[in-house]
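Please find the structures below.
The same chain A turns up in both complexes below, where it pairs with chain B and then with chain C.
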Partner chain A sequence: MLKYTIRRLLGALLSLFIIVSVIFVLLRFMPMEGFLGAGYEKMSEDTVQSLLAEKGLLDPIPVQLFHFYKNLFQGDLGTSWVYRAGYPISKILASKIPVSLRLGLLSQALAIAVGIPLGALMAHARGKIWDKLGTGFIVLVEALPAAIYHLFLQLYGTSLLSLPLVFSKSNPVSLLLPVISVSLGSIAGYALWMRRYMLDNMNMDYVKLAQAKGVSGRDIMMKHVFRNAFVPMAQFLPGSILTTIIGSIYVEHLYSIPGTGGLLIDVIQRQDNAMVQVLVLLYSAIGIAGMFLGDFFMGLLDPRIQLVKGENNR
Partner chain B sequence: MRTGWKWNFLCRKIEALEENMKNGLEMEKNGGPQRDVPELTREQIEAIPQQLFTPASFNEEEAEKISYSNYSYWASTLKNFWKNKAAAVLIVALALLIAFTVIQPYLPGQRPATLINNDPDTGMHLRNLPPDGEYWFGTNDIGQDLWARIWAGTRTSLFIGVVVALSDLIAGMILGLVWGYVRKVDRLFTEAYNIISNIPQTLILILVSYILRPSLSTIIISMCMVGWLAMARFVRNQVIFVRDRDFNLASRCLGTSTFKIICRNLIPQMVSVVSLQTVLAIPGAMGDEVFLTYIGLGLPVAIPSLGNLVNDGRVLMMSPQLRYQLIFPAAVIGFITIAFYVIGNAFADASDPKNHV
Partner chain C sequence: MGQKTDAAKNDTIKNDALQNDAVISVRDLNVKFHLRGQRLHALRGISLDIHQGESLAIVGESGSGKSVFIKNFIGLLDKNGWIDSGEIWFAGQDLAKLKDEKVWRKIRGGKIAMVMQDPMTSLNPLKTIGWQIAEALKLHQGLAGEAAKNKTAELLSDVGISLPETRMKQYPHEFSGGMRQRVVIAIALACNPEILICDEPTTALDVTIQAQILQLLKDLKEKHHLTTIYITHDLGVVANVADRIAVMYAGDVIEVGTCEEIFFQPKHPYTWSLLSSLPQLAAGEEELYCISGTPPNLFQTIQGDAFAPRNPWALQVDFLYRPPYFEVSPTHKAKTWLLDPRAPKIEPPAAIRRMMELGKQPQARAGRKESADAK
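Up next, the complex of A and B:
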């Protein structure tokens, strides 16, 4: 198991290295003037050149890349160029991530608590009213552009239920609408897949055997079908919990939540390359870690799945 | 579809068995089986007229006939598709809507989408008029006809959706088939996929818009550059799934060329999933367009698109009298995306050979 973990870790580091290097090189194709923020048109040619040299942008790209990795290994994420010029990136992230993480964890908790039972209920009541209502909900959330239902939830949530329009730290009620908004997509996703996996399992031979033996329908559902259907779900649970760090751009904009949602897009648009590199590194690392944890969690839940060949062979 | 049918069938079978057993036990109690038809006596049987029966004779022609099934893949798919009432209604409604969107500018009495309407008496802009007989959907904040803008926007958004979906289909199919079928490139492609899928789409979009000006083609190109990835991966998984089945092995042993195996053996197996992906790419691209407009990277404001209209409406949504400017475009985009989603899923169900009787 240890050997397997180390091998996966090395593979992940290699992928991260390639991803960040590709991004680094791509970013160097952008016009250089953008890197200086607003007002570069007014600077003289000498000032522009000296500022670029100060940032090390006139060095050859491999040298720049080397400097970036050297600083990274020393634990220095660098400073922001434009977003908050001269401010350490680690501090920007430290102030933003907890906000998004709290919103994300609350909505994931809600999504798991609602989505998975909903999917199980839909599979159990197949073709009946609950199944149809649930399918309608899933179609609505999956098909509509997210912007539209977020907007209408805010519009009618605030006017009909008189909930606060903007998020404030002191008022926990103001988190209610954002949490529901963020969780809608996940609820639909969990319910859709849970229903699918439950139905697949209900057709298996072991269910027929259990019925023939006279096991009650409730026991078959809870002890056998649900548990087997939950295993493939387990693979993407850790990933979706981890990615809440990235935040939700729509919801955080709509309710003015000072989180990480849209931060990457913002810094790309403002050409704050130092921040783009760090964010891409962070987000890809999260994605890869999510996949690994998912595999691990799945192996934990289902003893038949072995991540390492040949170990514990019976 | 299939799974639920089997499940219900199984339940009904078990119920029927229980019923039979109950009846049997009762019969035993009452002493033997009871028939509603009395047994015929010998005389009665002889009294049945002989001309009711014709003896079956040996027919050589009939014996030599080889029966064949008149199964046709596409006929069966269509038949299954029309059974789904919701999808059938939606596809008709969607076809009418698309047809209307295309012919709308040629109908009499339509205003151009970008024309700023002025009051003929005072010469003032007709701003924010609520919907009435003259302006069916009202006017926006600079006096443009919202009815004309919505249909022009639907044309733009549908155009983006269709072009992106077609490019996904073609690029994704070709690359996915190569990726799945040629074992040597699998590792290379997988690594490339992992890297490209981790590069944010916004970054690609901004790089593209540095090369080209922000316009319709910029948006389409950047969406195409990202969209084929998911399709290629999907196709690759399907190919690996059916690649080593016995019928392919048999074909290869008989000397069929790789190209022919791909075209005749692999592609028909993938029609259902690939068509679902393609149809879903249309509402997906429309949603992406709304997203890009939202973050300020959308089409120029001069080009009406559903993303631009929703974004304009969003700014005004807090004043209840002007809310129609958000609700009308949102309703149109909502209907189109939901219709595509439902139709795509219904078609995928119908075209899956496992669902054919």
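Up next, the complex of A and C:
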């Protein structure tokens, strides 16, 4: 298992290296002015050249890449150029990520706690009232643009339940509406897939054998079907949880939450290429880690999945 | 009909059942299904007794209702199906009217256990086989912990799995198809049933394993004093294991008799056709017989004998009236007008005549099993 983990880690590092290098090189092919922010038009040609030279942007690209990685290994993510000019990127992220992560983890916890049992219940009551209500909910959430129900939640949450309109760090209740808003989509998604995997398994022969054995309907659901249906869920849950670091652009905006939501789009638009590089690195790393953890958990749950060839002779 | 006469009628059936030591007595069973907005008449008035300790084979082509028939015994008819009329007497109660899930759960497995067709898919892939056997032990024998573990090991060696202590900790995917079927059989035995239903137990297995599994089932039947019901379309399997054979066609048992009677004295033209199409019964250069046409559409009401349209020996009456059972011997009866005293004498096809000749020589009867095995 250790060997496998190391191999996967090395593979992940290689993927990251390729992704980041490609992004880095592509950004260097963009017009140089982008690195200087909005004010470059008023600068003289000499100032522009000296600023570029100062940032090392006139060096050959491989040299720039080498410097980037060298700094990275020393734990230096560089400084922002436009977003907050001259400010260390690590500090920007350190103030934003925990906020989004808290919101994301809470909403994922809610989504898992509600979505998965809901899907299981819907499968169990297939075609009956619970299934129909659940399907109605899923269709509503999946079909409506998220902006609409986010807005409605905020509108009625604040007016009817007099919950806080704006997020504040000192008041945990102010997180309630954002958490519900963010989790709705995941609840619908988890319920939809859980229902589907449950139904797939309910039609399996092993369920018929369990019935013929005299196992009660409830035990069949709990001990046989649920666990089998959960295996494919286990693959994408870690990824979903980790990617909450990226934040939710709309909800964070609605409640004035100072998180990472929309940060990548923002820095791309403002051509803060130093930040783009770092964010791409971070988000890719999260994506890769999510996939690895998904495979790992699936391997834990399903004895048929062997991550390592011939590790134990089954 | 008043309740009293109903009860009286039930009593006679019950007494009947007791007299001929039937464990299951089915009377005029009609099962229908809702399918694509139509009604399908899947079982059309089956009456059959299953005797204590016997080995009965139910044969018939796909769609003849074999599986639907036995699903009634464990109350696992598909949701769109229902028992329209008829009775299934088992242990003093009419299963056709039994609705209580709790009672059904005691019968399922505990009284009537089942071995399914495909061992590759009938075990839960995420649970060790020991767990799956222990689940049955707990439900029907109340065993847990060390006792359950010992019994599991005992059952596994019973079904011919070596190193049971190691094997019980393994998962289904670590077993071959034949081994998995042994595990499925061990699960059935763990329920400690009176009746074991084997639904095409060897269809998914290769030929050498088939013979082993059939032998195992035969041995276990003796050891555990089981009544076994085989469902199959493989007459080779039937010849191997059955004391008695019930031939099904279009949702009805059209001929039933001892194994010898069905193989050597078949009376129904469908049984003739079925046997004639066995490759091992064909002579030399003769072209292999094949039943023309398709089975009847059970969405429609069937007039007369269901087999008549495909029956080259059909009489006019076959198209008009449904034949009743004609008794050939106390153990042998068939639903064909050919057995009516007024019917013309009709010669069965050549392959059947050869079988009938063979049947007259006592030593050939012993040979029958080998010829079927050789398949």
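We take it that the second predicted complex is superposed on the first by the 314 of 314 C-alpha atoms of A that agree within 3 Å, B and C clash if a C-alpha of one lies under 4 Å from a C-alpha of the other, contacts with A are read in each partner's own complex, and residues count from 1 in each chain.
Convention: a contact is a pair of C-beta atoms (placed from the backbone, for glycine too) under 8 Å apart; a residue touches a chain by one contact, two chains touch by 3 or more.
Remember, predicted model here, so these are calculated numbers, not experimental data.
In this superposed model built on chain A, chain B and chain C take up the same space, so to speak, and clash. Look at A:Leu151: by the touch rule set out above, it reaches chain B but stays clear of chain C. In the superposition on chain A, A:Lys208 makes contact with both chain B and chain C. Touch criterion met: A:Ser216 reaches chain C, while chain B stays clear of it.
Using the contact criterion defined above for the overlaid structures, shared-chain residue A:Leu140 touches chain B, although it does not reach chain C.
With both structures placed on the common chain, the touch criterion links A:Asp200 to chain B but leaves chain C unconnected.
When chain A is checked against chain B and against chain C, the one touching more of its residues turns out to be B.
In the superposed pair of complexes, A:Tyr250 makes contact with chain B only, with no contact to chain C. By the touch criterion defined above, A:Pro303 reaches chain C but does not reach chain B.
Taking chain A as the common frame, chain C overlaps chain B at a single listed stretch, which among 75-83, 129-137 or 183-191 is 75-83. Counting contacts as defined above, chain A residues 208, 211 meet chain B in one complex and chain C in the other. On the chain B side of its complex with chain A, the touching residues are 3-4, 6-8, 10, 14, 191, 194-195, 198-200, 202-203, 206-207, 210, 283, 286-287, 290-291, 294-297, 310, 314, 317, 323, 326, 330, 333-334, 337-338, 340-342.
On the chain C side of its complex with chain A, the touching residues are 74, 76, 101, 105-110, 113-114, 116, 118, 121-127, 135-136, 139-140, 170-171, 173-174, 184, 187, 191.
Interface residues of chain A facing chain C in the complex, by the touch rule stated above, are 204-206, 208-217, 223-224, 227-228, 231, 301-304, 314. Per the touch definition, chain A reaches chain B in the complex via residues 15, 18-19, 22-23, 26-27, 29-31, 126-127, 139-140, 142-148, 151-152, 155, 199-200, 202-203, 208, 211, 249-250, 262, 264-265, 268-269, 276, 280, 283-284, 287.
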